[in-house]
Amino acid sequence: MAATNRDVVLKIDGLNKNFDGVRVLRDVGFSLRKGMVLGVVGENGAGKSTLLNVLGGVYQRTSGEIELFGEKYRPREPMDATRAGIAFIHQELNLFTNLTVAENIFVDEGIRGRMFLPPKLLDRKAKTILDALAIDLDPAARVEDLTMGMRQMVEIAKAVSKDAKIIFFDEPTTSLSTSEKETLFKLIRDFAAKGISMIYISHALDDVFMLCDEVLVIRDGETVGGQVRSGAITKDEAINRMVGRKIGQIYPYVEKTVGEVLLDVKGIVRSGVLDGVSIAVRSGEIVGLFGLMGAGRTELARAIYGVDPFDSGRIEFKGRAIADPDPMLWVREKVAFITENRRDEGLLLPKTVVDNISLVNLPHMRKRLAVLDRAGQSAAAAETVSKLRIKTGDANRQIVRNLSGGNQQKVVIGKWLLIRPDLFILDEPTRGVDVGSKFDIYTYINALAASGTGVLFISSEMEELVGVCDRIAVMCGGRIAGELERAQFSSEALLKLALEK
Amino acid sequence: MSAAREERPQALSRLDRMERLSEAFYRYGLYIVLLALVVLFYALNSNFLSANNAVNLLLQTSSTGIAAAGLVFVMLTGGIDISISAVMFITAVISTVLTDMGLGLIGAIAVSIACGAVIGAVNGFFIAKLKMTPIIVTLAVMYSVRGLAIGFIGVKTLFFTNAVGAYLVKTRILGYIPLIVVILAVVMALCQILLSRTLLGKQMYAIGNNRSGAQKMGIAVEKRIFSAYVLCGALAGLAGLVSGAQVGQVSPAFAVGQEFIIISAAVLGGVSLFGGKGKAFPGAFLGVLIIMCIENGLVMARTNMYAYTIVRGCVIFVAVMLDSFHNKGETR
Amino acid sequence: MRKLLSWFLVCAVCVCLFAGAAAGAEKIAIGVAMDNLDDPFWMGVKKGIDAAVKELGDKVEINIQVCLGDANVQHKQIEDMVTAGADAIACIYVDSETIRQSVELCNEKNIPFVYMDRTLESDDEITVSWGFATDNYALTVAGWEYMADYARKNGIKWKVLELVGSLTDQNVLFRTEGFEKVMADNPGIIERIQSVPTEWNLEKALAGCTNALQASPDINCIFMHSDYLLAPTIQALEAAGRWVEIGKPGHVAVMPFSGAALSIQAMKEKKVEMCFGMDTFGAGYEGVIAAYNFAAGIDDPKYKAFVNDPGFVITQENFAQTAPRAYGWE
Amino acid sequence: MKDLRDYDFLKHVKGFASAQSAIVFFIVYLIVAALLVPKFANAENLVNIVVQSSELILLACGMTFVFLNGGIDFSQIAVIALGSVIGAQIMVSGLPPAVGVPLGVLAMLCLGLAVGAVNGLAVTLLKMPSFVATMATQLVFSGAALTITRSKTIPRLPRAFGEIARGSLFGVQYPIIIALAVFAVLAFLLNRTIYGKYITSIGTNHKTAKISGLPVRLTIFSLFLISGLCAAFASIIMTARLRGGVPSLGKDMLMDVVAAVVIGGTSVAGGEGNIHGSLIGAVLVLMLNNSLNLLGVSWYNIMLCKGLLVLIISLLALWQRKRA
């Protein structure tokens, strides 16, 4: 189903993007022809989503040229992209649960030239769009009552209602059932036939090869081997390009004596998210938890730490059962947890470095009674700043909001290190962090493990886990797909387990 | 693997059924409560259900109903406006003074709506543009407007018993429907149409549901919130005119504390304090009816005269508790 | 904390120093503490005060404060006036019990304290210099006796709806007691059907009145504690089609209290049988003059005994002579 | 010689940064009023103002704690009214003053805690927005005050109780001593203890605080207890001053309290603010009332000034925060 016409719809060359000094995209170039489906694959954090966000006007590019239908294209905000005919189906959908399907489709711009939008008119208009796409959805149904798959169909219908000529899909199939996936693929083939071009990001390689005309592999923000016809590349070769060997990034590995089981989690179930997960972490051991987007790693960590509820399952810590886990309880048990979302759940942005670092260990920073040991706080903060090599001004006055991403993450780690944790759960600790800070973070983790602390290291970057961990559990679809000992480590093996469908 | 996928949608639907059950109770609960109240008070005093008591009830709900309809817009976007009682006061004052000077009814209605809209715009400016906290802004505006209005007339009590006031209260359309009830019906209809049939209304629901999502999608969030406060002010202005004419006398303590009654009526009517949920008609209207039934019923049942504030406080507490349970607010 | 307090004291002291002594005041400073001004009745009293002030001319420096019915605010206002060097205090107090602390304060600084419109007896703890007030109890009894005779003459029984003002107001309580006494004296003739609380809130008055007329259509007399509540009552009666001249079917006898313009107007239109009249002008005028005399040390026999003005009852018969005494008379 | 830049005299007191704006307003207004308002700037009047501001200081301190979590407490007024009534009831119920007065005072404090507890539970467990929950409790408990006394003042409380408002120690009146003592304790709690850090951290970001193991629910619950307790202390002083249980006590103080806290620099968004500013804000509000009264400005214009003042100062705070 090769694209018949030759005219290029979207041309990109030399595109760069960096965040806080970290180069996320390095002169990316490719072209998208009319009616063509371009598959973009790569590890998590390789820069796939950033690429789409730049094209979709969510982020501004640092440098490089983008040509859309032959003219220069510089989107300032998502609305510019929509007006230019580009539609963006995000991984977390952008819908309003209190409105109906039809209302969601027309809520941002309504119907041209119509002041009144009676429900009957909206439903009729929406029905025509849905029928054109052979989507059997009741336009009057409230989005609240729809499953993930149906909601995705609404986003797509919304894109088509703006007569988008180019549609970006960012990990669309993570929480779809097989039948819902089939309808999506049929839809994409119809769009292609109608001359709509699409960029399809997914880590489900089988889907990509089956669906896309051409495939582009991205690793560390660089395209590897350029656009290739999907027939001309095997799955293993694609994985190889995706994985490759990272030059210059060596991962410190330290021999550790592994002690008895610290954390023992059995059969955690949370309907729709976790299907009976069991995992154990021993003292002095770094257990990696790998998985792709939507595999349920973050949900597992949050369930264990008591931030989110779960339906059933047993958690034991140092042999004692923990009935209903709660952060306050874990802090008393000296268990630390770094969340994936650093800005909203890890830091007090408007407060100073000292306030942030001494946040968790506050109960122990006191003189007599509850009097704050201010000097102790500053001393502990200063020690952490120097030990973790955090680049910051005067810790008492420096506001955390103004620190770089890497330094902010170090502050979060520092805050937990103060309680000298016996168990440390880290969720994507190195995401969006410069290479130097990444290395520092690995050394802290190793130092911790060497001193007998158990570490549960959650990441979606294989090299990192392979380099640092003693054991890696791989999650897929809310379940442990398998565990690899250090001897059996290989990116290919990990990816295979993660991709298992 | 795919088996796991298959069985997940069923799991969701079990959750949905429980959710839908509470949703249904929540939506029809209003009618049940209203019915229960009517039956209770009918038992206590037989002519509670007499025809002109019903009209009298509608009359009493009109000014609160008009203001509650306006408040729905603001509450949909997740905000609140407690300056509405001061707006009612200042428009009652202005329309009394102007009608004494010869302004007609239509003029009075226009002036009241315009004056309310201006105050709404002030609220909107501080809350939408400068993103300040609605409760504090509208509290400050409430005191400023009431002070301004009393300054305007000097510390006197005005009588709104001139021709326009009397006309507004006395005229009956088609023989028995009071003009004020017609105004209430028109306002309720317009608000509900605006909410359910226009883009502005839809976007207000959207903003209340997911403000950052609306922002990302390109909806003019600031403008919509600003217009919500203008609408709320305008309708509070109209409510002030109606209430002033009904009571006949506008003293400096006019409509003090009315904002809490209107807020609780809206919340009782299913308008959520956390935004994104609620209708003007039947929602807010039913809420007002319930509150008026309670007040009216209390008088009928000759209950102890101090119990009013206690009952009103309990009604508000229960209404908001249900709302918080249902819509899970953040502890603020 | 230490730093803050030191700053605080430094600037307080420096301001006092350079501000120097307040201008020497030969004039006599009179502080007038009023409850509220939001009602024609209070405006009637103010007319009296303004007349007195005009009469005393530049011999007197007046400072009128209103406390919106908040006892604590009134105490502070009197404290402020005393601190600012008032020579006499004339006061319409909010709360007969809490005002005693302010009187004690004035007694300490031997500043004469004069009450207006609301009685306050001296006793071992406080000494009140003088006061002018209406004897609400006597006035209510007189008015209701007139109504009782009226009922006997026309052979009707009064089924009364009592619109209660705010129960923190001493005068209002006397009115209820006066009414209850006459009701007790004329068992068959006067019967209270319902008493509706208004807390001086007009919406409540309107709703209460309307609902009461619904609940008991047999009501044929409305006794209200102030004609501040007359307008909503008229609205309610009009809505029920019962705001008609005396003698017409469905007529309800309305008994407004204190004699505002609306009541006088209604009597002119023969829609109201009678009205309790209070001498508000006297209260204001005499109060300020007495305060001035005590401050200036003038010994005027007129202001020896406390005045407990019996007020007057305006009826359709004596309308021509007594109505002009009402403050609502234009 | 220490470099002048180091000599930042506010540095020592941590929660002090934004009290600077309050102090500036205070001094500017003091001087303006001293010049323009006759009879304002004399020692006796200023002392009178400070003593009269004791109850507002207490209420403002209590409200500051609730503001720090981005909430608001409307029910302080009900605590004042109901506290006054209950305390008075106990004191006049035949018990000898030596027993009646302390018992009455204790009852008032307990009532403050009880109302605070109800608000705290409503906000933390029932997840109700604080402004509506405290609005409802305000209506319920002030209604209760009117019901108990059938809105009649309970008169002639024992002289000993009256002394709380009139007596003085080394020339300093008791009310201001009580106010400053409570202020000192609360300032110490907020700026010098771990509990204070909990409050500001939770106010800044609920999620981060929760995940860092801070006792979020308990702390927020305690804020309403403190607000209720402060209102109880204020009620004691006001009731003692009037020597009567007044069911409508303090009914118009809400705007003064909010004005005092906002002038004091406590932002309404939560997590930012200080108690020193509220103290200064309270005295400033009293100065405003006193000076405008002396000028003969009528009460409704004062009401207008306070409303506008809150708007303007919130604007300035917003602008300052944007610039910082």
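Structure notes:
In this document, chain identifiers A, B, C and D correspond to the written order of the chains, with residue numbering beginning at 1 in each.
Basically, contacts are C-beta pairs under 8 Å (C-beta built on N, C-alpha and C of every residue); 3 or more make two chains touch, one makes a residue touch a chain.
As the structure is a computational prediction, the values presented were derived from the model and not from experiment.
Each chain gets a centre from the mean of its Cα atoms; the one farthest from the centre of subunit D is A. The distance from the centre of subunit A to the centre of subunit B, with each centre set as the mean of the Cα atoms, comes to 43 Å.
Chain geometry summary: the mean Cα position of subunit A and that of subunit C are 73 Å apart. Rounded to a whole number, the gap between the C-alpha centres of subunit B and subunit C is 36 angstrom.
Subunit B and subunit D have Cα centroids lying 31 Å from one another.
Among all residues of subunit C, those that touch two or more other chains are 66.
The set of subunit B residues that touch two or more partner chains comprises 155, 252, 306, 308.
For subunit D, the set of residues touching two or more other chains reads 150-151, 298. If touching chains are joined by edges, the resulting network of the protein chains shown has some other shape, matching none of path, cycle, star or complete graph. Those chain pairs judged to touch are A-B, A-D, B-C, B-D, C-D.
Across the complex, subunit C meets subunit D through its residues 1, 3-4, 7-8, 11-12, 15-16, 18-19, 21-23, 63-73, 75-77, 79-80, 83-85, 95-98, 100-101, 166-168, 173.
Of all residues in subunit B, those touching subunit A in their complex are 1-2, 4-6, 8-9, 11-12, 15-16, 20, 193, 196-199, 202-203, 205-206, 208-210, 213-214, 216-219, 276-277. Residues of subunit B touching subunit D in their complex: 80, 126, 130, 132-133, 135-137, 139-148, 150-151, 155, 252, 260, 263-264, 267, 273-274, 304, 306-314, 316-317, 320-321, 324-325, 328-332. Interface residues of subunit A, counted against subunit B in their complex, comprise 58, 77-79, 82, 94-99, 103, 106-110, 115-119, 145, 147, 176-178, 271-272, 275, 476-479, 500-501. Of all residues in subunit A, only 305, 307, 327-328, 330-332, 337, 339, 344-351, 355, 358-360, 362-363, 365-366, 369-372, 374, 415 touch subunit D in the complex they form.
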